[in-house]
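Each of the two complexes below includes subunit A, the first together with subunit B, the second together with subunit C.
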Partner chain A sequence: MTGWLLDPHLMRQRSGWSPARVTLAQLIALAAPVGVSVAERGAAQIGVLTTALVTCLIWEMAFALIRERALSWHTATVALIFTVLAPETLPLWQVAMAASFGVVFGELVFGGRGYGIVSGAAAAAGFLVFSFTGAGLATVSGAMALATLPGALLLLLGGLISWRVLVSAVAVLIAFGLARDGADSLLLVLTTAVFGLVFLVADPVAAASTQPGRLVYGGLAGLLIVLFDTIEGPAIAPAAIVFACLLASLFAPLIDYLDVKLAVRRREARHG
Partner chain B sequence: MSLKHHLISPLIGNNPITLQILGICSALAVTTTLSTAITMSVALTVVLCLSGGVISLMRHHIPPSIRLIIQITIVASIVIVIDQFMQAFMFEMSKRLSIFVGLIVTNCLVLGRAEAFAMRNPVVPSALDGLGNGLGYSLILLIVGTLREFLGTGGLLGVPLVKTVAEGGWFEPLGLMQLAPSAFFILGLMVWLVRVLRPEQVERPEFRLETAEDRRP
Partner chain C sequence: MCDQGSHVMRGQTLFHDRLHPEIVFVSPVSGVVESITLGPRRSLSALVIRLEVGQHEPDPITMPMSSATEVRAALLAKGFWPAFLTRPFGRIPAPDAEAEAIFVTMTPDNPHAPDPRVVLADEQDVFTAGLKAVALLTSGKVHVCQTPATDIAAGLGDRIRGAFFASGGASGLTGTHIHRLHPVGPGRSVWSIGYQDVLSIGKMVMTGAHDFSRVVALTGPRAREPRLVRTITGASLTELTGGEALPDPRGLPPCVLSGSATSGRRAAWLGRYHQQITLLDDVPSRREPSAKGLVKRLCLVSSRPAPVIPTAALESALDFGVPVIPFLRALSVGDAETASRLGCLEMVEEDLAAVSLACTSGADYGRMLRHVLDELAEDA
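== the complex of A and B ==
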């Protein structure tokens, strides 16, 4: 069986990780944010969660059947990230459509997790904002930001996200936050951005995969977030993070390519 | 190759958009509504058919070194006539299509058929080849235009078919369908569908990913 949908990035770094194990780690990291979103937004959020999960898994099973591959269950994490981003007031058929779009066009048409170029959850959220008039994304509360942190730590320790991406994105956000709103509101800038940074921008599929490239990619994502942020005041609009992530991840392969070229040139200069 | 072949094969088997991936820019730009898609289809089909015939008629007298200039001149003349005709008789439509009728000159499809077919074939097959390719292009444009207008506004040709939520009905228009990316998605799905039905159109992958299991002996 060659059906393992191994992420190329993970394959290089930790070949012991099976796709299902990666999914499991991400699900554990997402449990707290999803729990907080249900606690904050009530029973309607459970409907959103169930619809997103069922839709995503049906698509993954359909593609696994057609392609005769093993399930990685990874679309479940797409569903959970999307659940946190989607407002509970969203009609369930819109949830199903956006989740279908994200998971099919963001991941499955490319061949599954690790083969695409954008984060499936970001694609789903972007579809939501563009398609339905009045459908905004849910705002991120302080409790949500706190709940994101343990998961972020777990993913960092497991090597599933890169600290370089996070550090350079946060550095850019802090620099612009200081320049725009002063030191008092920095905390608000970071709390509203942290969930998107950890689960969308730092997603290894969306992010660059060379070490210096990750710094550049994180910085680019941070810069785009600042550019796209349309809300007055220090809080970051959730849509700004989604679109910054989509655009930055389109540049990730180019950043990696340039970094490899530079490394080759440096080596040639050293060894003649 | 029979005359019928020139007309039929570009419809699906050798479709200019889904197989040759030519003429994509106008396919994205003019398909927000069905009426613009129809007008553009007719204009392009006429240009393709006429330019194929005219260029084929002149093919023995065109010096190879300046053939592209002459081909473009012929295509541009026909396009200008059509553009002026539309401004005279269909002013509203010509305003909605704005620059895209004029841009037929630079449509890769027109020059592609002139260079690849009309320069080395007799007049009748060349005109039929132009007509066939124009119809293949039109077929895709009509499908994309129909889907985008219906899903994006709930109507066709400006006539509302289902009541939208704003009018008290049940249909929620998909805003994305009125934006250019949706045409890419629809085209992509159509290319996929055609290649599932006709596997001989599938291109060989440029490279393959190697999994850890492939490498093990």
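== the complex of A and C ==
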């Protein structure tokens, strides 16, 4: 549809989020985790960061030129999330390949941020693990988990991620962690999962978009993480979160569909 | 029913509805018809009357208004019928339609709208007479939705009852009142009417006079002296706001809206259902990017709505118990069936003003809703 934009005087009154502001908030939230990853993994990580950023932005500009659309710069956040997930030992061409796959097939072919069905960063990380033998994802340290928290708080306060998704996913993880390894392991479970939960699973576009649906989606993601977790002991493998996120986002439209059905039925019952 | 240059009296019929000739539109003033503008498909787009001061005003004619049929006939003949709007669809009801309930809206939807209790301060009796006349039109209830204070509709029988809503935001909108008190849907229809129209009907009942005066609030950041003004419906905003606007440092004229800042529209005349005039800074036209070639193509400003990113602000901006994101998606692809099953029949444009402002897309959901409602109304 064209010509459905708001009147200019209303456009100016919009004080809430615009796509550019959403991207900016995500970049700010990601600054600390990326900083920690560079500090921990050294100069090689800067190479990974630069490669991922340049690759993603080149693809975004290419699509913007072909489609004659405005740049959203959102692929920069994909690059940053991917940088945190990718280990510094990775050859740079593999980084470029995986980042290209993630932004192009995760986001840009659908029309860009907000139109896709999975998180671009999760698609990139999934591609990396599937395609290159021996390529794993970087493990999440305690410092990284701590660095994630301020960003998570910022996104939560801004309403850019839903607490429903986080709460139900964390509840499932805690329940299984308690049942399997006891209370001592909980800290390790949460430490290894927090970055993936905040930046992959809770991505508002990939997650379910109804309020009850978000609870179901978070619970499903938590279950899948437990199911895919290959590491012995309480720690959670980063790849498990990535694949759980991809699979759960494929189920998100179904969850939404069912919830809309329920909402319609409730409505009909109320209105007779 | 009148020609350019002809003299018209206050209360004289100017034109009528094409489908329902009983619904007539009358002149709010006595004067000379200055111009008649036709729009697309032979619709009437504007009819301008120049007010003649000192002309002889018509003598008031009282009509009997004690039974339902008499009230209906009087309101139709005197041109007060267009004061009612149906929900669903937000249109003028058919002359023979029945309402399950009638909602009188007395809650300002923003802090700058006129306070109904101030407007009605000295005219309680007239307002009550109007309420009683309106109540004859329905066999159901008349909900007088007002801000929490003394019940203005107390002691008028059990069919006229007061309901209390906080002013401002969603709770001041008719859509919210209807959603809470008498939800509508396919085959269930209620009417709404503004309190100033009830007041005019009351004056007609008591004296037989046509009174189309309206108290409007002159507001907005460019208003020199924000205040209440008594004018008439359809008044020229250019004349009314002349000299009222603060000067702009860049010398731009103000942007004059009929209605509030969020749901009003840029207009030259005061809208039939509006009680507020907002003077805003004009939006300067966008500068062409000075860059050339490839850089210029990357600096494009999109003319299409941006994507909807589901944020928490969207969920709180729409208060109808619908799943917001699926509903907005249905509206933006024009899926009338889903939108109707999710409850779009309960809403009109003004109910979606807040959600349009909160959404990342910059899309005008009110316009999309009207598109969907028109489609549904054709099938209904």
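Going forward, the second predicted complex is superposed on the first by the 256 of 272 C-alpha atoms of A that agree within 3 Å, B and C clash if a C-alpha of one lies under 4 Å from a C-alpha of the other, contacts with A are read in each partner's own complex, and residues count from 1 in each chain.
Everything below uses one rule, namely that contacts are C-beta pairs under 8 Å (C-beta built on N, C-alpha and C of every residue); 3 or more make two chains touch, one makes a residue touch a chain.
Nothing here was measured: the structure is a model prediction, and the numbers come from that model.
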### Message
For the three-chain arrangement built by superposition, which of subunit B and subunit C touches the greater number of subunit A residues?
### Response
C
### Query
Regarding the shared-chain residue A:F127, is it in contact with subunit B (first), subunit C (second), both, or neither?
first
### Task
Answer with first, second, both or neither: which of subunit B and subunit C does A:P33 touch in the superposed model?
neither
### Query
Touching A:G222, do we find subunit B (first), subunit C (second), both, or neither?
neither
### Query
After superposition on the shared chain, which partner residues are touched by A:P234: those of subunit B (first), subunit C (second), both, or neither?
neither
### Task
Identify the partner contact of A:R113: answer first if only subunit B is touched, second if only subunit C is, both if each is, neither if none is.
second
### Query
subunit A residues touched by both subunit B and subunit C?
1-2, 4, 6, 8, 11, 15, 115
### Query
Any idea which subunit A residues touch subunit C in the complex?
1-2, 4-19, 22, 61, 64-65, 68-72, 111-115, 158-160, 162, 204-205, 207, 209-211, 213, 256, 259-260, 263-264, 267, 270-271
#### Entry: Parts of subunit B lying in touch with subunit A, wherever the complex brings them together
172, 174-177, 179, 185, 188, 192, 209, 211-214
### Query
Can you list the subunit C residues touching subunit A in their complex?
183, 185, 188, 255, 257, 261-262, 265-266, 280, 283, 294, 297-313, 315, 321-323, 325-326, 332-334, 338, 341-343, 353, 356-360, 362-364, 367-368
### Summary
Residue set of subunit A touching subunit B in the complex reads 1-2, 4, 6, 8, 11, 15, 91, 94, 105, 109, 115, 127, 130-133
